[in-house]
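Should a chain be cited, it is by its letter among A, B, C and D, assigned in written order, with residues numbered from 1 in that chain.
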């Protein structure tokens, strides 16, 4: 961390500041210029609040050299984290998984049909929304508890672990049979929810917010990890841009960039990112080529009749084709 | 609402669709072209889920002519909503208020000093954070319950109603003495929180999210109002843009635009929007000139030592100057 | 400027780099840490290409402390620049001007009528487009040379100096009678055009690009000033955001921020920023309250029939009301 | 195209408007509601200026159903355009090409070395900047005419056609030996330049602007094609987002989306998009997986000493590895 002090800062002020840094266990290097004094701070600066520092009268600006996240930082944990969902189902560190299922659980028949189909094609995890975040209070909000029960039934029938979104920490007890808890894009900075999920003993699938940076995503992962839960799977699902042909803009450079910054697995959601079923296949292939650790894809047995996001859902047949195409890419990449 | 049907849609399909619309109480106008059939839907389309509609095979595109929000819509409620915080303190419909106080409550001495100072300058409501949303889990998170108690004490001493942020609906019982409950930018689409606040009998101050549109802000207000709580105060607090000299970009055209779209009062937060104390005065004056119904401004008795956001806090003296300048603008506007 | 060198940089490499900095006339302060060496560079670093520096093997990162623009920088030129268009018409340093006229010059009758009307209301400069940048090659592109001739005639009749946009440096000889040459948002980084305008002896009105930062705007001003033309008027005209109710988002905090960074005058275009005539008045008033040095406003004698941007044009009567309202704000501000 | 007319529009007004549409060769379908009248316009609406239409008093809103571009539109030209640079070097319609070379031409030795190396690895076209758009007037602006001469020499030695950027139409005569003329991101809406390039008999490589939509990119292609030059190659090179770890955000969904919208070839520039050499390989592979028709990649014989954008340049060895990896993806895709 570098702190630039204003001209006119007295020696006494500098001594008081450097004394405080030393108490925080930091090593300090001072460079005095005519117009500025520059302090180089070496050590663990993760817990220094840069806003507090910048608020001091004598400080002109502060710049981090190292990152503000620690548990998620690859520098301190060079090995890939491998998240184990079941002994035979892992994500990260070379383990690639397909997670598939409908946007919303709608009926017993629907979820069972879709689960069997995607399992046959090679998906190892079943996704399905029971609690749905919707912009309008008048839109379909999910089957809630009933949806979770249907997911459990599909899990029993197919043996697939289930992934579903939590929107309210008070619902946690309903999630006992859920294998991976998803935090949606709109809750990426719901810090109270993240903090509680840090105490849960289940993997968390954390989606990037619509206009959030990778640093903010990693700080949100850090909230969960700071509570003791290290099984965080990051998910790139498109960011808001000015483009209107696609719903969002899938940021695939986030995949190799995150792999550099963190040891956590990174998966990609091409369905929500594009909002268009025709673009799911090329984007799924591109994500695999970019080094993603998995894909989460919407599949519906009857997309035109889906109660939510039908426009981006694949049929089971289309999903089967995507799996085959992605597998060819994975072989080419290895 | 206009729905464009694809070429090749059969008469039977059209009949089935129009039948459904009629059941929803809508009047339908059909225009048949060689390539498309256009349905014009007249009536209350608020509760039509456009995504469901667009997911139908036969539908090419759907366009709303009227807005998807209803309770918040000025068309159905032409008079300005006036939010009454106390008999003598109202916001909206020509009632302009200054809300002032520190970013965070830090100590008894701090909050009492600031409260007395801003009250003397003309602020009628006291703000202060007890629960603070911070990007990093290692940054100062507020005094929490203790902060709320200190706010109550300041309220007792000065008679000022208090405004403070809620981050978790489970904290609600701690907010009994709070007069206006704030929803922060990061929780603008925390739909579970919004829904619960719809059942509360207190005014809600709803801040616009960092990358959210005015329509999304109004849909979030609609979540609260759909629960029966109509006392929603909207707050423009800057949106994320590519500009880096200022923390965010204050969107002042949101003020007259929202006044057109909704009857709810609209206030402006120039402190968070710019992040720079020197810009608070010109932006506060501009907000008043643009027709805002109030201002929420950070004031700290010792900004350089503030535990949070000191860079954007005014001293009590600076705040006094802002109030005087804004009052001159308000007179010129009347 | 601060350069952070990587661990493992040899003394010989450091000597070679510091030697080069000394040749550029910079003073160097070295701070050696275990993991990094930090170089503090003091002096005129404007002409140091930071990309070249960052490309060096030994350099980890480079941070500017001072700004990369020099001629436009208030630090080196603390007094406001006052641009003199005619002895009695100045902009900047306390001189506020209204610039008004139609988006496009359409006919002799139109431009003369509008010119007389806006002059009577208090506008001192006439604007009108002869060359129009349009997204589609099939849209109306302006009357070109004929439009310039009509502007000249209006200037002769009313005595108002004229402001119009240049899109191609090869048209320069047609601009002989033009008093202020405008560079549009889409050409803000047409560096070849800017460079040529640096050799012209007329004031340049430089509009901010749709997604450009203030630093980029100032660097573009620097291109003009580097050629010897210091009469640059900056214009905030809205930036692209995710908001769709307004065409762009007017960034009024740009006004006080630019006043801090530069000595050049700053005007505001509320017509293009919002795209909605009803928002022009509140935004014009807000711009004046924020400290703008002038306003450029679209006025048309028959807005619904305007060949371009009619939706944002005021009638002469509406413009008269805006001038009166803005003048009240200007009095309140003084 | 759909036009919604306001309540209260008279029959005479409607007749006059529909009469005008009929003159433009459009078929009209009228749907009358109590609150609105909806006109459905069928036929070639490309040349209808929607802004003019929206400016009419009686019109509430206008919505295009079909796209505003015509020459570039796949609907009217279903076959892929194949751009022939030389009999044996084609782009589009299944022909994939690597374009490689340094950001800037710096010296005879540099350009010859790089050209030979990339040619040996499989690049068929040589890129190199002679005129460089730089944000600061004080940064290196390219070798200009001398740079073009060095490119010609490299072409003679290696037989590789050359691709280089034009910034000023007055330089056109210097481009006689250039095979593909590039329009840079900052000039994507320099309509005067585009119009002139419509008269040139050489392929144009058109880069997407930093904050431009795909529709705007296609409208800019339309400017060139409207002049008679149909050999336009589109290039996705990253858009501006809030992410700061990467320079821009590569929008790979643009590739399949553009393939749907237009018959023109689409290539990808992973070097400028990410600004980081380590990300070029995964993004190049992802672009190939997404269906790109080619890649334009920066290669420098000595990246740390590059006069421009060294941080994103590959060494010839790294480029060789990228070509091999991309070729494996291309095989997997076929």
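Basically, a residue touches a chain if its C-beta (ideal position, glycine included) is under 8 Å from a C-beta of that chain, and two chains touch if they have at least 3 such contacts.
Treat the numbers as computed from the prediction; the structure is a model and nothing was measured.
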Ranking A-D and A-C by C-beta pairs in contact puts on top A-D
Relative to chain C, largest Cα-centroid distance belongs to chain A
Rounded to the nearest Å, the gap separating the Cα centres of chain A and chain D is 32
CA centroids of chain C and chain D: separation to the nearest Å works out as 27
Taking each chain's centre as the mean of its CA atoms, chain A sits from chain C at a distance in Å of 40
Check: chain A positions touching at least 2 other chains come out as 211, 240, 242
Residue set of chain B touching chain A in the complex reads 46-47, 49, 51-52, 54-57, 68-69, 133-140, 167-170, 186-187, 189-192, 195, 210-211, 216, 219, 222-223, 226, 240, 303-311
Listed in rising order, chain D residues that touch chain B in their complex are 2, 4, 27, 29-36, 38, 40, 42, 60-61, 63, 65, 211, 240, 242
Listed in rising order, chain D residues that touch chain A in their complex are 211-215, 239, 241-246, 249-257, 260-261, 273-274, 276, 278-279, 282-283, 285-291, 325, 328-329, 331-333
